[in-house]
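So that you can tell them apart, the chains are marked A, B and C in the order they are listed, and the count of residues begins at 1 in each.
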Amino acid sequence: MTIPALKVSGLTKRFRGVTALDSIYLDVARGEVVTLIGPSGCGKSTLLRCLTWLEEPDDGFIEVGGRPFGRAVVGQVVHRQTRREIDALRPKIGLVFQNLNLWPHLSALENVARGPVVVLGRKRAAVEAQARTLLARLGLERQMDKHPHELSGGQRQRVAIARTLAMEPELILFDEPTSALDPELVGEVLGLLREIAATGMTMLVVTHEIGFAGGVADRIAFMDQGRIVETGPARAVLDNPTDPRLRAFLGRVLPSSPRVTA
Amino acid sequence: MSFQFAYLAGLMPNLAVAALVNLRLSAMIIVLALIGGTALTILRSLKIRPVNAIIAVLISFIRGTPLLIQIFLFYYVLPAIGLDLSPTVAGVAAIALNSSIFISETMRGALITIDPGQIEAATALSLPRHLVWAKVILPQLFRRVLPVLVNEATIVVKGTALLSVITVVDVLRTAQQIASASYRPFETLIGAALVFLAINLTISLLGRRVEGRFAVQRA
Amino acid sequence: MAFDPAILVQYWPLFLQGAWLTIQISVQAFLLGYTLGIAVALLGLMPGRLPRLAAASYVEVLRAIPFIIILFVIYYGLPFSGLRLPAPLVGTVALGLFASAYYAEIVRAGILALPRGQFESARAIGMSPLQAMRHIVGPQVARAIVPPSTNMTLTMIKESAVLSSITVPELTYQGLVVQGNTFAPFEVFAAVTLIYWGITLAVAGAAHRLERRLGVAQARSVSRNRLAASYLLLERESAR
């Protein structure tokens, strides 16, 4: 049995009495693309934030490629890892934010290069060369020295993805990758995500683009009120949803979302 | 010598009365500065090259030199070229000029935020220039600069304290006079400080109330 | 009335001394004031009601009282605690204290204006909080606070003239001394005024160059229709 890229066990998070995450269990195998769908407020973003320890879960365990992240069991005792230990694993878990959070005072190239130099300690010359290759592969050859405010929404999205890829992650989390875009660009980004998936990257995508879920994802997980209510192979879940809440959700959402054709 | 609160408390009525001088002068200055600043802004909008050039120099001068020096210019230099003003008049004139310039500069920044469509509409309705200003631009302008004006009011009040240096008997000078008689400068000066604290905090609080009612919120 | 430049020629060393002291005091007050200001700003950003209240009170009080009174309170109050310090030192400290309240507000606003996501995205790729501060938060906050800080620094330099009232021999004081000797207010104040003007223009110019180097966005002129421009623009738009 191969080690899953991501293993979430019993993850729980409460905010002021509201349970945002209610004992989440989720495994993502290497190279798998899992889409997380659900109504607003169901906890999708909170889950992603907990997976990079931007929020500290109250309970539960996370394992990245078999290594404990955030919390570890030593002997019989549960420890919270030190800040250093957490920071050391963070590059392995890429997160592309919904509003991208690109660094406006740095050029596109620098946005991508800064992480590997500062965090991974690589030599600048090598890092810059790799960053150039990465940006070129994403279609940004002529945008490398531009600053985020000079780029279009789609270009910024690609810089954000490049920044994450530069850290050589084992898996990438995407928080609503298409919500900030004009409709005509959505297809472009979904195509990009499918290309990344084709390279064998493990991906966990929070999205409301059900078409993407159907077309590219291997598995869909449906969340409602902090729990993963139903999960299974993408097409099966979409064609035959069992849980009534999922059926209701799909009923509301499906008619208007385009399908990403192969 | 230790700090005597009782003495300080006993002083306050005298200082409060002296503070009326500051308040009266501040009110005059603010009115003059509002009129002056508005007039200056309208004049600048006419874009008469030589006039605007002179005004630009004046603005750079007022913003680039200390208020105290400007007060000294009105008090010491004007008499030397024939214009002999009383300390009060000289002081009020100096601070009013200073404030007019800042108000005009503030208005300059706020003018750009006014919707040009309204100007076009007013002109299409055959409104003459002075009415476009009076009915369309100025009402909006004042609402937009209100927060800055409140701040400017506190600056004017603080400026009146400087008039004590040119012998105007305001609260600071009064405090100094009391101090030289009683040899308790610390308490008297703290008293003067408290008076200004009370005045300016009141202005700020009132300002916030009025802003809530009248000022334009940026979308 | 004749303008007699001979007076200026005779007394220019005093003006120069005064100007030099003004500059020295301004630099020292700036360093003191900004350090204090950053400390107060950080205090005001700490969790809990007490630090925020303390910082806010500090700022409100120092901004509501005229600088001349702050100066006098310190200068005349210090002997009470047995401390007798030279006037220039007292003046510098008072000026720095006064400025610190404004700098604190500027720094606080600059930090609060930065979206939290900037810090989070830095941490999410594995930067330590220190690295995130140094590479991502710091540079952006610095850009935001330079223009208002420049403004306040110019204000502080001008406010230094008030130190003349406690006999600090800076520029204004020297002007009053020469005026007392020569009874030539026009020449004296013309010289003093021009020197202050020169100092503030130089500082403003240096600050703008710094802003440009840091990449602070320069205000772009808004193009508008000519009718509205005839009312709303106070200068002719020059072709850039």
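Definition applied: a contact is a pair of C-beta atoms (placed from the backbone, for glycine too) under 8 Å apart; a residue touches a chain by one contact, two chains touch by 3 or more.
Since the structure is predicted, the reported quantities are computational estimates derived from the model, not experimental observations.
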{"item": "Centre-most chain, if every chain is reduced to its averaged C-alpha atoms", "value": "C"}
{"item": "Chain separated most widely from subunit B, comparing mean CA positions", "value": "A"}
{"item": "Intercentroid distance (Cα basis), subunit C paired with subunit A, Å", "value": "46"}
{"item": "Inter-centroid spacing, subunit B versus subunit A (mean Cα positions, whole Å)", "value": "56"}
{"item": "Distance from subunit C to subunit B - Cα centre to Cα centre, in angstrom", "value": "20"}
{"item": "Subunit C residues counted as touching two or more neighbouring chains", "value": "none"}
{"item": "Residue numbers on subunit C that touch subunit A, as the complex places them", "value": "115, 117-118, 120-129, 131, 135-136, 139-140, 143, 215"}
{"item": "Contact footprint of subunit B on subunit C as seen in their complex", "value": "1, 60-61, 63-70, 72-73, 76-77, 80, 154, 158-162, 164-165, 172, 175, 179, 184-186, 189, 192-193, 196-197, 200-201, 204, 222, 224-225, 227-236"}
{"item": "In the complex with subunit C, residue positions of subunit B that touch it", "value": "1-3, 41, 44-45, 47, 49, 52, 60-61, 63-69, 72-73, 76-77, 79-81, 108, 111-112, 114, 116, 119-120, 123, 129, 132-133, 137, 154, 157-159, 161-162, 164-165, 172, 179, 185-186, 189-190, 192-193, 196-197, 199-201, 204"}
{"item": "Footprint of subunit C on subunit A - complex, ascending", "value": "52, 54, 83-84, 87-91, 94-95, 97, 99, 101-105, 114-115, 118-120, 163-164, 167"}
